[in-house]
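Same chain, two partners: chain A is paired with chain B first, then with chain C.
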Partner chain A sequence: MLDLTYETPKPKIIAGATHDWELVIGMEVHAQIASNAKLFSGASTEFGNEPNSNVAFVDAAMPGMLPVINEFCIEQAVRTGLGLAAEINLWSAFDRKNYFYPDLPQGYQISQLYHPIVGEGEVMVDMEPGISRLVRIERIHIEQDAGKSIHDMDPNMSFVDLNRTGVALMEIVSQPDIRGPEEAAAYMVKLRQILRYLGTCDGNMQNGNLRADVNVSICLPGQYEKFIETNDFAHLGTRCEIKNMNSMRFIQAAIEVEARRQITIVEAGGEVNQETRLYDPDKGETRSMRSKEEAHDYRYFPDPDLLPLEIEQSWVEEIASSLPELPDEKKARFMKDFLLSDYDATVLTAELDSAAYFEAVANRRDGKLSANWVINELFGRLKKDDKDITQSPVTPYQLGGIIDLIEHGDINGKIAKDLFEIVYIQGGDPAKIVQDRGMKQLTDTSAIEAAVDKVILDNPDQVEKAKANPKLVGWFVGQVMKATGGKANPKAVNELIAFKLRL
Partner chain B sequence: MSIDKATAAKVAKLARIKVEDDALPALAEEFNMILGFIEQLNEVDVEGVKPMTSVTPQRLKRRVDQITDGDQQALVLSNAPDAREGFFAVPKVVE
Partner chain C sequence: MSDLNKLTLSAARDLLRKKDVTSVELTEACLQAKSAGMALNAFVHDTSEVALEQAKAADNRLAEGDASSMCGIPIGIKDLFCTKGVPSQAASKILDGFRPEYESTVSQKLFDGGAVMVGKLNMDEFAMGSSNETSIYGDVVNPWKVDQRNLTPGGSSGGSAAAVAGDLCLAATGTDTGGSIRQPAAFTGIVGIKPTYGRCSRWGVVAFASSLDQAGPMTKSVRDAAIMLETMCGHDPKDSTSADLAVPNFEACLTGDIKSKKIAIPKEYRMDGMSEEIEKLWAEGTEMLRDAGAEIVGVSLPHTKYALPAYYVIAPAEASSNLARYDGVRFGRRANISAGDGITEMYEKTRAEGFGPEVQRRIMIGTYVLSAGFYDAYYNRARRVRTLIKKDFDDVFAKGVDAILTPATPSAAFSLGDMATMDPVQMYLNDVFTVTVNLAGLPGISIPAGLDAQGLPLGLQLIGKPWKEGDLLNTAYALEKSVGFVEKPEKWW
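Moving on to the complex of A and B:
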């Protein structure tokens, strides 16, 4: 078992005019299932194609067309459930959620209201080293995505693209366990990380791969504890749902302004109406989606086109046995095997590709030194070029070669950075570059001694000053390093100068 | 449970079916007959009986995750009352 001892973070407190208030937040995250074809048709899920080119007649809801479920999408939902330590329901069923909108040609969305495929699970949300919030997952169900309406191409018309219509989504519903805007964003980050590790969702928020509806309410300190004890929502305030957010920054900002709006209403003696709201990042406010309210009578009923979805326990176990190492386990292993700090391990395991890169570098090398080079030098350099780790011009093999040269004392830190830049720009084998360009560190004391003697002989004034003020020894070290092209061992130079000047 | 004229009007509106005002009482009456039949069905004791989802034993048919369809923009749009630049064009809907 993993050692996951942790403390719970304190809930965010917002000071109102009369009271302190706490926040209670639950999230519904819509994650696009990574698959080639749609949930009920053989059309492609690829993003950015010509409008209405990824459309089968099922997706366009042509009369007589029947849905046939994509088995891989079921597998992906099961895998996600297992990755969130959730219970898998071997029997689930599809329902129709009825509403009219131009980008929903069927007039209903196929979803799973009454019998979702995944039940209760959990996500550990890391806030700081040793401080985590355990967010309980209530359920995950599979459903169809809607199409896309574009309103700004014509003053009188809306344009509809059905490419996204019928793409498989997982709706991941949390319990109201999130207690502040930062926790909400951290929850999204962690969920995204787990989904990406599992390969069940690309997590590309800009393309709308991952979107969140956030339920926010406020309560007085102490009320939330009563709710947890009794599971009675009467202890909490009335919630509002902020729809469809696809950026961590907006999620945080929206929760903050929505909470303050509710506090102002309640403190003025008013009541919060339960409603759906939209966040406007330009104005920094949320506003009611009244049009949506009227239509909120979805008349759910079991979809007569689809039999219940029955899966076998043996299949679930097969999927379970193929689960990858998940972020929490990987981080714990990095801390233990490579003796990394919590911070370093967190940074290196944030993305699967970074973790794999680091492991290739650190294999049989010093973990801490490898982590420093990957995080500080490589990540820093890539960021400057706006590249990600998969686009790194320096392979783990090359970076490992540079670290070997440092570990063997062949080059010092300063030269290593120059060497890294050469490898980054020009490529090549680090050991050979050092050999060919004479970058090897001078460990030969006589050569360093000659350089030290020359600097002392050439600068009698500085010698006098240094004798009065030993701090000036740094100036001599600089001169010697310059004279040796940076290749002298700095420690040896320091010792020699101190000795020669009789400091 | 009884459906009145107002409920019948609401159901019609949600289904986007235009029903003239003078046709509503008859519609409400039809709804009530349907509900009455369902109430009659509700009298059957089904305690412990699993809901039947299919007459013959069947398993939900599955497809493999392969792209086998699509790439037919012109066909998809061919029945649309209005289409422009590959999109369906509909009267403006703005949130």
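Moving on to the complex of A and C:
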């Protein structure tokens, strides 16, 4: 791990009618493994295809069909484990989780209950500069996704789409280390970032490729510390699991309302039932998914169609040696090598593509200046057009050219912004544009001096005022800039005016 | 040439190679025998047209000099194997109308070798039964008869056994989860081998209990079994439990020489109340092997008595999960549902109507032993027993034993209907000598060894070392020669 010094954030406190309450949150994140083929079949995983077009016989659980492990999915899970500094289990096994549902053709989901492929790891969740929560990962296991039941296409019938059936998922299970809704969302953000860096999950929450089940309980201040000390869950409240959330906003909101619901129950002398709940964003509430009588007994047992999964340490090491630089390392390096602030480094490393773009720009240039241009100008402009960094019409080479012109004193900041807009809209080589359009700033002091002299001569009243109030010097600067078409070097203008007015 | 259907596979092969007979002639003889043998109720789906096409193609291949052993041989395929475009229902109502769009690996290998499919064979529903009385197509009748009583051919591969014993085809595929090849082979006086678990691909075979299921041949002689097994087995990347091992030339293993081979007689297989006839048969078999030059040793397989209960926990547990896919959603038969019925009612009605009582019983047992609170007491304990049973065998083989000789069944074939009123456990006792072999994943072969006092065939079982089917077949071949079993059922159908 990196040697990062940080402070732990304070847990969120919610004031109830009688007490203050703290939250304890654990998350089970389902991340679709980035892979072209499914976990146990060769069928495509492409999103948005015609219903039931990505279906192999085994996905439809046709009689006599058998699963065969897709090795690439295993590699992706191992890579994820390594990226979360987790223990890799060289021996793992698949189990069947049995339940009936039309979008689960086999009548069981192949998962890993007893022997997951990845053991304990950790994620550093950044809350504010210097303040981070270390969330421990309990395990990661591999499992099949289910299909989709469609109930709203016909009044009398339901339809099933098996395109998603059998797609590989990683279930990343955290310890109950998350202490508030904001931390939960930040954990998701960080996890998503790491997965995207690793290339093991595209993190597309809208398509459901990353979604979370959130376990929420409440406790009185001090109880959590007792739990940490003893690892005895009796110190904590009864948890409820809010299922299947695919937006950071919903995660936060759901935790908030669920915590309040539990507080209301407990403060009224009631008891929270351990159950699975769904968040309804329209009504802003969570509600029970199934009653106790409907509770499933999943009858887990080892899948006899699959031999235990044994992998070699050397293979794990091979994967480890190919791991990319991860967000924490990259951020630290940016802060050190480019002298960036924590904030700038965080923004620039949020996405691998942004970081790569920035590095290309900042290479042998001023880091801070490059960061400002990438974050403020480029990101701002892209956002206006609803584009992401990969769609930027301005290449790092072009932006670097603009920055070079600034650094060499060829153009000033204002002209640079105009130039950027020209490059953004029309493209072209910045240096050539400046040359062709005469945008070079005046560094010839005699020309600037002439302009300054003219402004002073034409405005004796202003000169008097400025002498009395030196703050008015800005007015002169503005006039000179106007007279020179904005091309005068602002520093030189300032110095000359101050000199001429004897300020 | 008359009675071509009565040929052994190997004799037919030799005649085909010599061009003394054509596959079409052989096939037509079998199709006629099949039509004449309706009373046996062995075949369930007619594939005569496919058979004749395949036979013509095989004749072309033979004319071009194809020397594949199975080329042109008419065989029957158990209904548990998925055969492309041909009804494959595992003898269950719930798979009504199901025609797979794929061919099981085992049947594909046979067809690639030029074998001809005479038809699909009756069986116990989902291979669950030991008397072929649980089939949706009705009981299979054993070609052997006593006092005009209809006897069971055994199960679950009862159709395969009856078809081969009754000369409706030259050989057949079977599957064996707890004895489903070996017990019916013994009941009908034919040879049946269950190879080592992982030898034959399970891809495309309707699953009963995945960790126990194995396909194998059911034939008229040990040589036939060697020939057919060689074509059926081999590594299949589509089945993760299939072994990546080369397939030996099994027929070449049949030297008949078993001098100084060590054959073990396990004392735990001498059950209380075992009939004298079985006892005598076993002793005679032992002497024959001794006379052939084998060394006979007594051994102990101490956990044998726990095998049957362990089997009847593990097999139903896996079955309860394997059969969950028959839900009326995607294929097979869906029950008519009433207005207002939801998905739960659809499942309940479909499965209640689609599965027979024995299948339902095993699903319920399996569901029970896997449920929370009972899992450790039943399923996990049964798995531990299984490990101990496997170790029993490992220990015996580690002492230099080459094969183990046991009876194949506790009795000869019984009357159809006899078990109807009995406790199901009585039926399960049929598997007492065979389930250990499945639990340990070993190869086992049943060969006819004599007739009982009523004139019904009895079988002996030889159990071999893992992946040593060649040696096992050779020992069986030596015993077959000594026994000289030539009796055939008297044709009554």
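FYI, the second predicted complex is superposed on the first by the 485 of 503 C-alpha atoms of A that agree within 3 Å, B and C clash if a C-alpha of one lies under 4 Å from a C-alpha of the other, contacts with A are read in each partner's own complex, and residues count from 1 in each chain.
The criterion applied here is as follows: a contact is a pair of C-beta atoms (placed from the backbone, for glycine too) under 8 Å apart; a residue touches a chain by one contact, two chains touch by 3 or more.
Note that the structure is predicted; figures quoted are calculated from it, not measured.
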| After superposition on the shared chain, which partner residues are touched by A:Ala61: those of chain B (first), chain C (second), both, or neither? | second
| request: Return first, second, both or neither, reflecting whether A:Asp461 touches chain B, chain C, both chains, or no partner chain. | output: neither
| message | If we overlay the two complexes on their shared chain A, which of chain B and chain C does A:Val160 touch? Say first, second, both or neither. | response | both
| task | Using the touch definition from the top, say if A:Asn70 reaches chain B (first), chain C (second), both or neither. | result | first
| message | Applying the document's definition of touch, where does A:Arg96 land relative to chain B and chain C: first, second, both, or neither? | response | second
| So, does A:Glu310 touch the first partner chain B, the second partner chain C, both, or neither? | first
| task | Kindly classify A:Phe301 by the partners it touches after superposition: chain B alone (first), chain C alone (second), both, or neither? | result | second
| said: A:Asp386 in the overlay: touching chain B, chain C, both, or neither? Say first, second, both or neither. | reply: neither
| request: Please work out whether A:Glu229 is in contact with chain B alone, chain C alone, both, or neither, and reply first, second, both or neither. | output: neither
| remark: Overlap of chain B and chain C contacts on chain A, residues 57, 60, 68-69, 98, 100-102, 107, 158, 160, 297, 299, 306-307
| task | Using the touch rule from the top, collect the residues of chain A that touch chain C in their complex. | result | 57, 60-69, 96, 98, 100-102, 105-108, 158, 160, 297, 299-301, 304-307
| task | Write out the stretch or stretches of chain B touching chain A in their complex. | result | 10, 14, 16, 53-54, 58-73, 76-77, 82, 84-95
| said: Per the contact definition, I'd like the list of chain C residues that touch chain A in the complex. | reply: 81-82, 88, 90, 95, 98, 100-102, 104, 202-207, 209-211, 237-241, 317-318, 320-321, 323-325, 327, 329-331, 343, 347, 367, 370-372, 375, 379
| task | Within their complex, state which residues of chain A touch chain B. | result | 35-37, 41-44, 50-58, 60, 68-74, 98, 100-102, 107, 149-151, 153-162, 278, 289, 291-292, 295, 297, 299, 306-310
